[in-house]
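For reference, the structures are reproduced in the following blocks.
What follows is chain A paired twice: with chain B in the first complex and chain C in the second.
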Partner chain A sequence: MRYPIIILRKHFWDCKLYKVKGYFCKMLRQFLEVLVSGITLGSIYAVLALGLTIVYGVSKIFNLAYGSFFTWSAYLAWILTGGHFKLNYLIVIPLMIPILFFIGIGMDRVLIYPLRKRADWQTTTIFLTLGLALFLDTLAQIVFGPRVKSLPSIFPGSIEIHSFTISKNTIGIFCLSILLVILIELFLSKNRIGMAMRAVSQDQEGARIVGIPLDRLFSYAFGFSIVLVGVTSVFVSSFYNISPSGGWNPFIKAFVVVAFGGLGSTKGALYSAFILGILEAMVAWLIGGVWIMPFWFIVLLILLIVRPYGLIGKWG
Partner chain B sequence: MVFRKKINRQVSILIVIFFIFAILPVFFGNTPFIMHLLVFSLIWACLGTIWDLVFGYAGILTLGQLGFFTIGAYASAMLTTNLMVSPWVGIIFAGVVAGIVGVLLGIPCLRLKGAYVALITFAFHLVLPTLIHRGDIIKTGGTKGIFEIVPLKIGGYVFNQLYKVPWFYVFLGLTILVFFIIYKIINSSFGSAFVAIRDSEDFAKSLGINIYKTKLMVFGLTAALAGVVGAFYAHYVGYIGSKILNFDSFLFIWVIMAIGGVSRFPGVLIGSFIITVINELLRGFETYRLLILGALVIISIIFMPNGVMGGLNAIIDRIALLIKKGQKL
Partner chain C sequence: MLEVQNLYTYYDDFKVLNDVSISIESGNFVSIIGPNGHGKSTLLKTICGLLRPKSGIIRFNDKIISNLPAHLLVDIGIVYVAEKRHLFPEMTVFENLQLGAYSSHSRKMEKENLNYVFDLFPKLKIRKKQLASNLSGGEARMLAIGRGLMSSAKFLAIDEPSLGLAPNLRVEVFNKINEINKNGITILLVEQTITEAAKYIDKVYLLEDGSITFEGTTEDALSNNHIKKAFLGL
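Now for the complex of A and B:
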């Protein structure tokens, strides 16, 4: 008669341990998922922030219309991958890069260049880019309608490791973003134009003395940043949706990342992108997704009180 | 000397405009719609001038005026709806609350470069709707907003929605008060201090002006003023919701600033009037209206950096020159 009790007891203990182990496993799995999404977010923010910080470093202007360009690039990708064209991503992304570049150069030449001659160009440019942003947002709302749209996943499907699923899209976007970051770093250090950009961001007068054509470089930097924001928006829009005023959140995040790392510093932007990306994923997991934007705002406030120069500490 | 002449000219233009405004109800008093339009143009004019004070004269690029406006409106609405106090108390309370929030916001960001302030106040503006929605614990009304806000009372007379003329005079009085305060500030030594800061920080510092404290005071003061205007708005419309923070209104003030002219004192009043009228004329175009307004901003920044007032100033200068030439001959 004792045997059943012992067996029951043994099973009982096993059950309890299994429950604890199960709970622990679930937490671990959630934590890993959060970590993965945090790192992926970090890589995306890195590219976004690099675009903003390069433009600021080179031409010392804040492109407040960054978010609107984000939205428009997403819509452009939406047009190209659906409806009439139905192109594959392999064609769409390389096609969008030169288009975005020329749009960026055009915007800089037409809108910003005439303002540079004025004494108060920094504030006027901010004014202008904000007006441009609102104009583009409204235009997007008219042309595409207020309903949200979505892009197909770039890498459909998912992988399973030990009952732990990651969508292939996440991994693919992460790899592409890291690749982009490496390419940008190479561009800045090896390419002539990249080196010229670094020179201008360090010392404008010196660059002019050496003969670097400043105006052309400003246009290149702007076009470059539009390319970056465009490609990033395609990545992001493949798992979030597109809406006319949806570009402000990425813009604010990019700005906080840039400020956190130090205005004009690419290394700082990289570090802070990953740190803040993982933190954001943690916040979303522990407190709730609605608090994401207030989180970013609080980070900004704390940053300004404690260390306004950011991690790397260059005013730029 | 030239400064004084310009001030007098500004004051005389202002007085003329206010006089015209004051007698408008005689003609339009029976059309509530036009009265409503005029009230709105006065509200926007106030907000625009407050913004002009902090941006055009003190050189701090804030994008938070609407945010402080909303905070003031909500503060007064929440106080009067929940604690049953007189709306006038609510308005003063709103000013104080908005001013405190302004100072709190200004403490970290006024130490830094201009673009930072712009971005932080903009982020503040974007975060505010989320905070309002989550803030139902202190009865912000969540996503629905606060309804049936108590209208103003003077003595035994209760203002109501239908007869707009008294409201118009209230707002005209408010506008005159705001303009008067701002005028006094600009012409005081305090005003010269922050104009000095705007023009050349190092020089101002060498004169002994405490830059940080001055900026903080301007920031807090304009926030408080915006809050007061917001409170009046809340009691006028009788409803406040987070929709006021949409880009609609934001773009509006932007356009008024751009067209009215930055740091050209009465320009904002004319600009606001013009824009309100244009806005109504454009209503037939639905969403294109916002688009055209946005395009107007861009165009006026590039081509008309001094706004309408700048143009008026130029014309008056030209006429004065002609008169002088005529006198000489």
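Now for the complex of A and C:
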């Protein structure tokens, strides 16, 4: 436990070298930068967590291959933008959305639908997705090799505000993620299929009573979820490298966000994504990047002690 | 309108319905009575496609419907109103009603149906923007029936609507159901005993241990010694 304290002191000592006014200016500026990066992280986690929680809400299963779809979408984008075709993102992203949607629907139809007739299909399906994850990760390693790949920036260049510079990519991804979150919320609250998804997650029997075809809705939820993880993957991979098992980290983070917000709750996922995103940025700033996951873990534990069903969660 | 012939339904290996046959004329108000746990809800759920029959035939307007999934049955107007209501708790009253009109057939009629439901249950109109979980027992019951009507129901199967309601609310609910019936919707009502609704009912079935043991008009039922003994304690 000595490590963070030392870092804090060192940091404090460094800052003392500045004049008092300059020191506050610097801290304030750093704080704002950290806040912005926290909100950016939060919006990315929000999209990832929404994709995961929608499938859970509708079908009460967790898709453990979620991270592998993250990886494969990144590789798909790599093939399209850098690897083989030199396409512009303006073409790549609209091209990927329908492909991902049909991959999701295909996965549900081919792998999960046949299991659904059995009594205990949820458990079986969760293990099936785990197997699928290992298969896809290994396949990625065979096809693309273990060396990391990277995507070009979606928005190249940087801009200067006052004296500090921000890359256009950060601002662009931030705006796109927020836009995506708003679109998902609109879809869930106004669109007929989105409303049906919420209905199924709140009362499956009630949904059958009003005539919602569950099988078709499961497929839509899967397709939708894969689109969200795929698009987010392209956003994230324009910052970080792509590796064959690189999807696990975002998956685990999305999982924590979902558990924090309350399983199956879209509103909870949204709030907790921003809370944990800002927490992550703050921890990385004040203490250091290695402490992010321990802090997430502690915060999750405390929350689950106080509210066992998550922020806005209900069982069943 | 609806004909059930030799219906058997199982929960896994446990036989719940044993050779049930009933028939309902268009526009009728029919009630199924019987003690708790003897298969009344199972019969309704089987008719509405929420459970699969093991054998037997269900006909609706001379079409065989016994193997259709629930959402296709809602499309042709067979709607179940559950005893446990099965509302969507975190949605508003209005959203619940909107989802009642989910099927493609009823979406075209959404506006008319909505006006009809709000005319029938003015309280729902007042509480339009509230979450379904905040409704009182009586209001939730009205919403469940209203949601059923939003599906352009021709045949409404209502499962114990009086359960857990105060006597004055029970009378109100039955009056509303009668009003719906007078508007041309066929009603199949499940209750444990002969209730305040008796005066509206055209036909009574008694379901005991998964089989129909009595069939007749309300007067017949009230004068039947077996029913008197079992339900009225006379």
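Operating definition for what follows: the second predicted complex is superposed on the first by the 296 of 316 C-alpha atoms of A that agree within 3 Å, B and C clash if a C-alpha of one lies under 4 Å from a C-alpha of the other, contacts with A are read in each partner's own complex, and residues count from 1 in each chain.
One rule holds in what follows: a contact is a pair of C-beta atoms (placed from the backbone, for glycine too) under 8 Å apart; a residue touches a chain by one contact, two chains touch by 3 or more.
Because the structure is predicted, anything quoted here is derived from the model rather than measured.
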- Item | First, second, both or neither for A:W248, with chain B first and chain C second | first
- With the two complexes superposed on chain A, say which partner A:L301 touches: chain B (first), chain C (second), both, or neither. first
- Note on the structure: Counting residues of chain A touched by each of chain B and chain C, the higher count belongs to B
- Message: Once chain A of both complexes is superposed, is A:I287 in touch with chain B (first), chain C (second), both, or neither?
- Response: neither
- Thinking of the overlay built on chain A, is A:L139 touched by chain B (first), by chain C (second), by both, or by neither? first
- Message: So in the complex, the part of chain A that touches chain B is made up of which residues?
- Response: 62, 64, 111, 114-115, 118, 122-124, 126-128, 130-132, 134-135, 137-139, 141-142, 245, 248, 252, 255, 259, 290, 293-294, 296-297, 300-301, 304-305, 308, 315
- Query: Taking the complex as given, what residues does chain C use to touch chain A?
  - Reply: 48, 50, 69-71, 73-75, 79-82, 85-91, 95, 98-100, 102-103, 106, 147-148, 151
- Along chain A, where are the residues that touch chain C in the complex? 192, 195-196, 198-199, 202-203, 205-213
- chain A touches which residues of chain B in the complex? 59, 61, 63, 107-109, 111-116, 118-120, 122-124, 126-127, 130-131, 134, 247, 250-251, 254, 258, 287-288, 290-291, 294-295, 297-298, 301-302, 305
